[in-house]
Amino acid sequence: MSDHVYKKIELTGSSKTSVEDAIQNAIAAAAKSLQHLDWFEVLEVRGDISNGAVDHYQVSLKVGFRLND
Amino acid sequence: MSDHVYKKIELTGSSKTSVEDAIQNAIAAAAKSLQHLDWFEVLEVRGDISNGAVDHYQVSLKVGFRLND
Amino acid sequence: MSDHVYKKIELTGSSKTSVEDAIQNAIAAAAKSLQHLDWFEVLEVRGDISNGAVDHYQVSLKVGFRLND
Amino acid sequence: MSDHVYKKIELTGSSKTSVEDAIQNAIAAAAKSLQHLDWFEVLEVRGDISNGAVDHYQVSLKVGFRLND
Amino acid sequence: MSDHVYKKIELTGSSKTSVEDAIQNAIAAAAKSLQHLDWFEVLEVRGDISNGAVDHYQVSLKVGFRLND
Amino acid sequence: MSDHVYKKIELTGSSKTSVEDAIQNAIAAAAKSLQHLDWFEVLEVRGDISNGAVDHYQVSLKVGFRLND
Amino acid sequence: MSDHVYKKIELTGSSKTSVEDAIQNAIAAAAKSLQHLDWFEVLEVRGDISNGAVDHYQVSLKVGFRLND
Amino acid sequence: MSDHVYKKIELTGSSKTSVEDAIQNAIAAAAKSLQHLDWFEVLEVRGDISNGAVDHYQVSLKVGFRLND
Amino acid sequence: MSDHVYKKIELTGSSKTSVEDAIQNAIAAAAKSLQHLDWFEVLEVRGDISNGAVDHYQVSLKVGFRLND
Amino acid sequence: MSDHVYKKIELTGSSKTSVEDAIQNAIAAAAKSLQHLDWFEVLEVRGDISNGAVDHYQVSLKVGFRLND
Amino acid sequence: MSDHVYKKIELTGSSKTSVEDAIQNAIAAAAKSLQHLDWFEVLEVRGDISNGAVDHYQVSLKVGFRLND
Amino acid sequence: MSDHVYKKIELTGSSKTSVEDAIQNAIAAAAKSLQHLDWFEVLEVRGDISNGAVDHYQVSLKVGFRLND
């Protein structure tokens, strides 16, 4: 990493099944328009409830990617 | 949400299988006595260890629900 | 817990499949050299990305164990 | 305050006009069922956007009240 | 703890003598109406001053208790 | 929110009159180039002083918006 | 700001009408004895309740001022 | 508190016997030069060790006092 | 301290009587196997409740000690 | 600053020589595509180790810039 | 430190060359009017940018000094 | 990093010249007894003052290293 500069963006992904799936969805969306995605950091896990059960998970994360030279 | 007031309570659910299951258990317990459960926010993930492996996960979360009019 | 003193160490485990699996890997590694592992507390969830998807999860946790008398 | 025990609950009030109005709405709702409301502490200010403008403010606060003897 | 759901409430106890006494007062007040009190976590220590000396300590704490099945 | 991915950006708006007006100014600026603005979260309130009075408020906030499909 | 040293002090102002008015009151009090007040940072918003409504707002803030050369 | 402005200063008191005694020492020192001391908030408890035992406690606290009119 | 390197470890001590006693117990346990213990920092105070009263205090602290040359 | 809206982005710069150099590298990279860079705030300092010495420093910072009118 | 009471003040120093130089400038300014300066704690590192490069560093720190007996 | 478990320890290094030098001193001390040192994270920068100037910097950091297989 010694020669590069990285940018971090903050995303919120969601999923009806798991925290990991919500992370994957957010990263997949970022990968559509950004190259060189390198790492992520989870900031917050929350979600919506309906009928007394989890309806979906919402995971906010920072995604770091290398800036193009 | 513009006309309502919400209350948040803090719960700790547990599960031998996953973080998501511990969340579901806490919400299911809250749903027995409270209506209008709306969202949750994970505060802390911890757990007990026995015999060198996770025995169960303990997830603390805030649960928000709409106050009755 | 009233008569004991506990020590906490900080570990980072990783897994290609889930947050829970990364926790288990860290605890299993600690159990090789330490007895009386008692509880864990998750500090941070992050991970590496390759080809626009999660490559592996990295979970940092504190592990508490009872000091030998 | 020297002889009393206080309980704090967490509420989220909302308002289309101001942060102060959202606080007042939350406290007014609490006052319907609780006596001896004594103080509040603002935890978070957020809100919903529609058509490129604030639709309403949402203010989370702790409200402290003296427990009945 | 593996099969239970716990609720945490936030209390502020006070005492003219010590931090520990303020904690005991808050827990004693909670025990009047709640069963299965299990643990507490200190959140904040503050107090009032009069005549250039501590008049009383105010200790805010979370108290966790098991929900009835 | 269950099928979408959201991005959050951080803005600082300012106003000579109020905290709410500074929030509105930041959101209005974001709405010029971004669609689907959905919510905001206040991070910090500060401001400049001149002649012993508030000259203007500066409010930093995160603004969340839905990514285009 | 490049050649100066600044000091920050912490104040709590109050007002029956608004958060902004409490900020102004604190700054006006500081301006009576200090010159070169330059900026403020809000640390905490709380207040007292009486008769089920906000009695007054209390806003804690840091105020920065340039030290005299 | 509705008409006043308060200032907070940060002090560190110490004591060989207890946390409470360290708080009292800090407040007593402040009372020598300041009037209208009103409340304190504990920020940090630490201390020095010598010969494998606590030598003295060091308690950092904010002390709030009303500004003279 | 200018020529040394220090290591900090995290311990949890407990006591049925006071916060200070729990700190002393943790430090005494550390002193059995470590030399040059120099200072401690309290991280968390919590405890267990039984029969509606504090059963014992649990205090987590960092203990710093000088590394041997 | 009273009439403008600012955006903050988060960058990570690196350098083999110093924290300041890592900050400069991140800002220089941002300046290639953004105008009106105005201030930065350091969020985190970390780095990689190789052969028992610092290989390079990694500094994460927020960079604020004025939005074009 | 066992018999003394310390006060901490918060300062912001600046420098065009380095973080360390900004710290030194703040401490030198404090030393003009205060005796017994004992230690400092860095709170925040930020700075101003001009022409796409750091113009100067701004370092906020707490400075602790012993109160006169 | 996908197959390994890492441990983090906390160290405080010091230096009369710079923050970077204090970091290097801490890492060099750790490298005497530990292999596979991989990264560090700065937690706190503070220092001692004598004669109105910085006497030495003290930097606390976490150092992560791979556990032996």
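We call the chains A, B, C, D, E, F, G, H, I, J, K and L, going by the order they appear; numbering starts again at 1 in every chain.
Just so it is clear, contacts are C-beta pairs under 8 Å (C-beta built on N, C-alpha and C of every residue); 3 or more make two chains touch, one makes a residue touch a chain.
What you see is a predicted model, and the numbers here were worked out from it, not measured in a lab.
Engineer: Walk from chain F over to chain K along touching chains and report the minimum step count.
Structural biologist: Minimal hop count between chain F and chain K: 2.
Engineer: Listed by label, which chains are in contact with chain B and with chain I?
Structural biologist: C, E
Engineer: So, comparing C-alpha centroids, which chain is the farthest one from chain B?
Structural biologist: The chain lying farthest from chain B is K.
Engineer: Matching over half of the contact pairs by residue number, can you pick out the copy of the C-L interface from J-K, A-J or A-B?
Structural biologist: Over half of the C-L contact pairs recur in A-J.
Engineer: Quick check: how many Å separate the C-alpha centres of chain F and chain H?
Structural biologist: Result: the chain centres lie 38 Å from each other.
Engineer: Provide the C-alpha centroid distance between chain D and chain L, rounded to the nearest whole angstrom.
Structural biologist: For chain D versus chain L, the centre distance works out to 44 Å.
Engineer: Report, in whole Å, the distance between the mean C-alpha point of chain A and the mean C-alpha point of chain C.
Structural biologist: It comes to 22 Å between the two C-alpha centres.
Engineer: Residues touching two or more other chains, restricted to chain E: which are they?
Structural biologist: Where chain E meets two or more other chains at a single residue, that happens at 9, 18-19, 30, 48.
Engineer: Dump the list of chain pairs that touch, please.
Structural biologist: Listed by label, chains in contact pair as A-B, A-C, A-F, A-J, B-C, B-D, B-E, C-I, C-L, D-E, D-F, D-G, E-H, E-I, F-G, F-J, G-H, G-K, H-I, H-K, I-L, J-K, J-L, K-L.
Engineer: So in the complex, the part of chain C that touches chain B is made up of which residues?
Structural biologist: These residues of chain C touch chain B: 18-20, 23-24, 27-28, 30-31, 37-42, 63.
Engineer: What does chain J use to touch chain F in their complex?
Structural biologist: 1-9, 62, 64, 67
Engineer: Which residues, counting only chain B, touch chain E once they are in their complex?
Structural biologist: 9-16, 25-26, 29-30, 48, 55-56, 58, 60
Engineer: In their complex, what parts of chain G are in touch with chain D?
Structural biologist: 18-19, 44-49, 52-54, 57
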